[in-house]
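Shared between the two complexes below is chain A, which has chain B as its partner in the first and chain C in the second.
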Partner chain A sequence: MRIGWKQRSRVTSWVLGTLTVIFLAYQWLPIFTLGLLSFAGPTGGTTFPMNGTSFHWYEEVWKATVMNDFKPPLLRSSLLALACSLTTIVLATMAAQAMRGQFRGSGWFFYLMLLGIMAPGILVGFGFAIMMRILGVGLSWDTTTFMVQVSWTLPFGFLTMLAVFNRFDKKVEEAALTLGASRITTFRRITLPLVLPGVIGAGLFGFSLSYDEYPRSMFTTGPDATLPLAIMAQLDRQLTPEIYAVGTTTTLFSLIAVTLCTFGLWAMRRSTAVRRT
Partner chain B sequence: MSTIRVRSAASYWLAVPAAAWMLGVVVVPIMLLIWVSLWGGRAFSTASPLTFDNYAKFFANHTYIKLAFTTVGHTATLMAVTGVLGYCIAYFLTMKVRSPLWRLALFLAFIVPFWTSTLIRAIAWVPFLGVNGVINQALMFIGATNAPIEAFLYSKTGITLAQVSLYTMMAAGPVVYMLSSIAPALREAAMTLKAPPLVVFWRIVFPLTLPGVVIGQVLVFLNVMSDFATVATIGGNKHALLPNLVLLFYESSQIRAASVVAVLLMICMLIGVVIALRVVDIRRLGADR
Partner chain C sequence: MVPAIARPQLDLELRGIRKRYGNFTAVDGVSLKVKKGQFVCLLGPSGCGKTTSLRCIAGLEEPDDGDILIGGKEVTRDPPWERDIAMMFQDFALFPHMTVAKNVAFGLEMLKKPKAVIVERVQQVLKSFEIDALANRKPGSLSGGQRQRVALARAMITEPRILLLDEPIGALDYSLRETVMLELKMLQQRTGISFIWVTHDQNEAFSLGDLVVVMNHAKIEQQGPPEEILQRPATAFVASFVQGNNVFRGKVLRAADSLLEVETPAGSFLVPGAGLALGSDVSFSVRAENLTDITGDHHLNRLTARCTAVEYFGSVRRHIFERSDGELLKYDQFGAHAARIAAGQVATLGWRPEDTVLHTGIAG
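Now for the complex of A and B:
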């Protein structure tokens, strides 16, 4: 007897649904385990059993000595991410606005930006380090790493801004221009406020990408490491729950940043919606 | 009419800073790598004579050749696994989940780990894979094995397990995008014409999502080919793929050998991307909407 298509569709749903739930668990369990194990007691190892619960490993991170002090790298990574995010916002908005002007060679320009996403970090980082060596420029987290990381965050910001400009209602701009406003005034007073959520999204994206970036930083950072580099160096020396504590902290940090910004965007959309009526 | 005149000088100048940045930081350094890989002699100097000796040295070593094939094979495995898994998840999320609230919740559950560090997520696999790790304890608890399996941490299996969890969403994301842009009327029309569900999927839905599948595969391909961090974290020093070799040579100051491997890696990737672009036109992706 053949089963009906409705029933077959239900069976497919169940199979795919189960697969999805299993994958979700697969994706989240390691993160939860990391968080759980970071609260292990002082004698706790790097896996179960936990040997009691304590804040020992967090204290350890906080009181850390010179070798495994994660506070300066954290500060560096945050400052770097902020700088990358701001640079990305400005350059990506300019570039996306330029694309609307369909200048000569804009097709090539688009591919150039895509190349920034496609080119693997290890090649870009290594190549840039070689170039700096040929030019005789010293490596440092706030100069060379900054330049390399912007080449990673900028294309994502650019694509975000392209999508934003594609969706936004051009009639509003036209109305302002028809009423005699100059192009610059229209952009500043009409266009920019309307696409601001997208701009903030691009900046947030840039912040997160730069904050977590490892391969590009690895070749181009001088003696002062950023956070991912410090974590990797500590992992090479010795694996203790201390790394789990650092990992849990930065993961929470990222999650809080995302939540705050999502909430901010949502609140802003609401407020602009109210103003419109 | 818009805030920028079509083909104006202003639009050109607005693009210059971004273009200069990308040229200077991405294109020129990668071109430099090709040049450095051809340097002869020993000193780090721009006056080095150009030869193919470095390449000859690389291809003379069977270990390296094997490593290159291992890398490609490993990447192909990951593309297959993440491709199938990603498509199933994307199909379930867009076609089967009806309630918008549930869909949003599931999307968030998938996307949120993306905002955290890949490095931390790779490290998070370490307590899972060890001899006393979670997987082994679970297997022993349900009685699947008596003794712990040592094959997880510091092994290819462990690396694959972790990378699947890291990269499946890259394969699924573009498919979600393409699936949600298929008009329901198309499927309804096919159903009305009495096409069985499998035929509807195979002849209508799948071809329409093919660009998404290919883009996802390209993303996974590029990321796995160049992912040395996960391999180093989980594989320890026992396993290496091509990108780890770049690092290894770099750390031992063999700049030429590192450049050779980097260039070969780049060629592999270019071939992959070119094949993908023959299948789909990337520019059509944005224009469809």
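Now for the complex of A and C:
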């Protein structure tokens, strides 16, 4: 039977569908494994086969023997991620806004901004640490790590905002200008509300990229470790399913946070959506 | 031009506006005077500089050269928000995140009017534009006609000195356009606000404009009342851009008694005119309705050609002939009587020299 060019054949559908499922499984199974092992029995290890099932390791986390070690790094990483996120939002929006105007050297500016994505993180971190030593600046998670991480999160936010402004209708800004709004008022009342979903996206990017950043933090953090560094150190010392319980718990929290953000975005879009009549 | 009556107040004056983008000259020395309450149409093909001129007036573009005066005040370098204008965009450019009422209120909010005044005035304007039922809707849920009304209400609420309209009905359904045109014309006459209306549609320009400005290649080709543009095109471009003209180009062969004999590839014709050297290049035109297939002694200009098509528009029957120089000749016959010439027939058409217009404009 001849099928229309817009319909997929049954075989194609199955092949593509199977590939998709395999891909998703490949991506997500490690996390499920991690989750599964966190329910191992009190004598269980960090590998299969599982040695019984229990909430033992969650109790341990709750009793906070390990968690006490993780609390300060967790706080540091959260604050750091938040700061990177906010900095990315402001700088990325400003940089993308500047790119709309096509200033002199904007091509070079574009490539220089993207350098943060291209350059290998471990080298950036190492190089930055050396430079700080030469300059005599002490390493700390809230100064040097912050700066290095922003150079990593900013290009992602920048690209996000460029894409958002690319689809942006300049006419609505011009309409505001002819209606008596100054450039600042136009930005505040018209541009910003319309690109807000993109701004939030750039912020989420900045947060998650900073939160689990390892290579750039490794050499730049100084004595007080961030969460990824602390976890890595813990893995080096002793490996119990407790660390999986910590991982599963944080993953759950992240999922809840992302879900809430997505729902918020959806609700916002719904209120400004262009409904076709 | 009409002689000025003791310093008439001008709403707008352009003095030699020039705007260049790299190597491309978008506006090249445009000068224009708009009297108080005048309806001006900038007419021309796309890329002729009409929209750029409008954007210069709005302040959205800064001219490289020339002066812009609004209400007698020089504003060439002033930002848009300090000019006494409002603008309507082709796709209306409504604020998608605001309700209709918020959109309309925007201009007043920018003037920092008290809240109570704004609320009352918005109510009043929404009512007068018959969109009060839509006050709490977002633009995304409106039809084209409704959006057009909202955009107009938003622009008019501050009662600007000049309203700039960039193809304001181009985005509307064809069936709506005529009604909207009439409404806008009546609104303009009632409010006395000067309208500057950019369009490529000559029907809009001629039926609405008090003053029609025809532009081509960044320059003004001709400006005047619609009748003047229609009856006395100044350049070959204007004549060919305006519907219903037959344009001829040729050289002056003889000159006598304020008549020129011009030799063209389609034959020699008599054209009123004087003061031109023999052999100089000229162009002239004759309107399709001034031709006749029943020629008399006074129809000194004659042309024999084959009719290739007949179009019927209700009140007028247009015959298309193929000229010997390859161009088309249009002949309009008015009235609903039966066709005298059918497609494929060869006929001799004639017209009087006095119905012929010699193009005197410099541009083109």
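Observations, loosely collected:
The working rule: the second predicted complex is superposed on the first by the 251 of 277 C-alpha atoms of A that agree within 3 Å, B and C clash if a C-alpha of one lies under 4 Å from a C-alpha of the other, contacts with A are read in each partner's own complex, and residues count from 1 in each chain.
One rule holds for everything that comes next: a contact is a pair of C-beta atoms (placed from the backbone, for glycine too) under 8 Å apart; a residue touches a chain by one contact, two chains touch by 3 or more.
Just so it is clear, the structure is predicted and the values come from calculations on it, not from any experiment.
The partner that reaches more residues of chain A, of the two candidates chain B and chain C, is B.
In the superposed pair of complexes, A:I89 makes contact with neither chain B nor chain C. In the overlay built on the shared chain, the residue A:A225 is in contact with neither chain B nor chain C. By the document's definition of touching, of the two partners only chain B reaches A:I134; chain C does not. When both complexes are overlaid on chain A, the residue A:L194 reaches chain C alone and has no touch with chain B. Look at A:E174: by the touch rule set out above, it reaches both chain B and chain C. Shared contact residues of chain A with chain B and chain C: 174, 177-178, 183, 190.
Only residues 5, 8-9, 12-13, 16-17, 19-20, 23-24, 26-31, 33-34, 37, 45-48, 91-92, 94-95, 97-104, 106, 109-110, 112-116, 118-124, 126-128, 130-131, 133-134, 147-148, 150-151, 154-155, 158, 162-163, 166, 170, 173-174, 177-178, 183-184, 186-187, 190-191, 208, 211-212, 214-215, 218-219, 228, 231-232, 235, 239, 243-244, 247, 250-251, 254-255, 257-258 of chain A touch chain B when the two sit together in their complex. Taken together, the chain B residues at the contact with chain A in this complex read 1-8, 10-15, 17-19, 21-30, 32-33, 36, 44, 46, 85, 88-89, 91-93, 96, 106, 109-110, 112-113, 115-121, 123-128, 130, 132-134, 137, 164-165, 168, 196-197, 218, 222-223, 225-226, 228-229, 232-233, 243, 246-247, 250, 255, 258-259, 262, 265-266, 269, 273, 282-283, 286, 289.
The part of chain A that touches chain C in the complex is made up of residues 169, 171-172, 174-183, 185, 189-190, 193-194, 271-277.
Within the complex, the chain C residues that touch chain A are 58-60, 79-81, 83, 85-87, 89, 91, 93-97, 106-107, 110-111, 138-143, 154-155, 158, 164.
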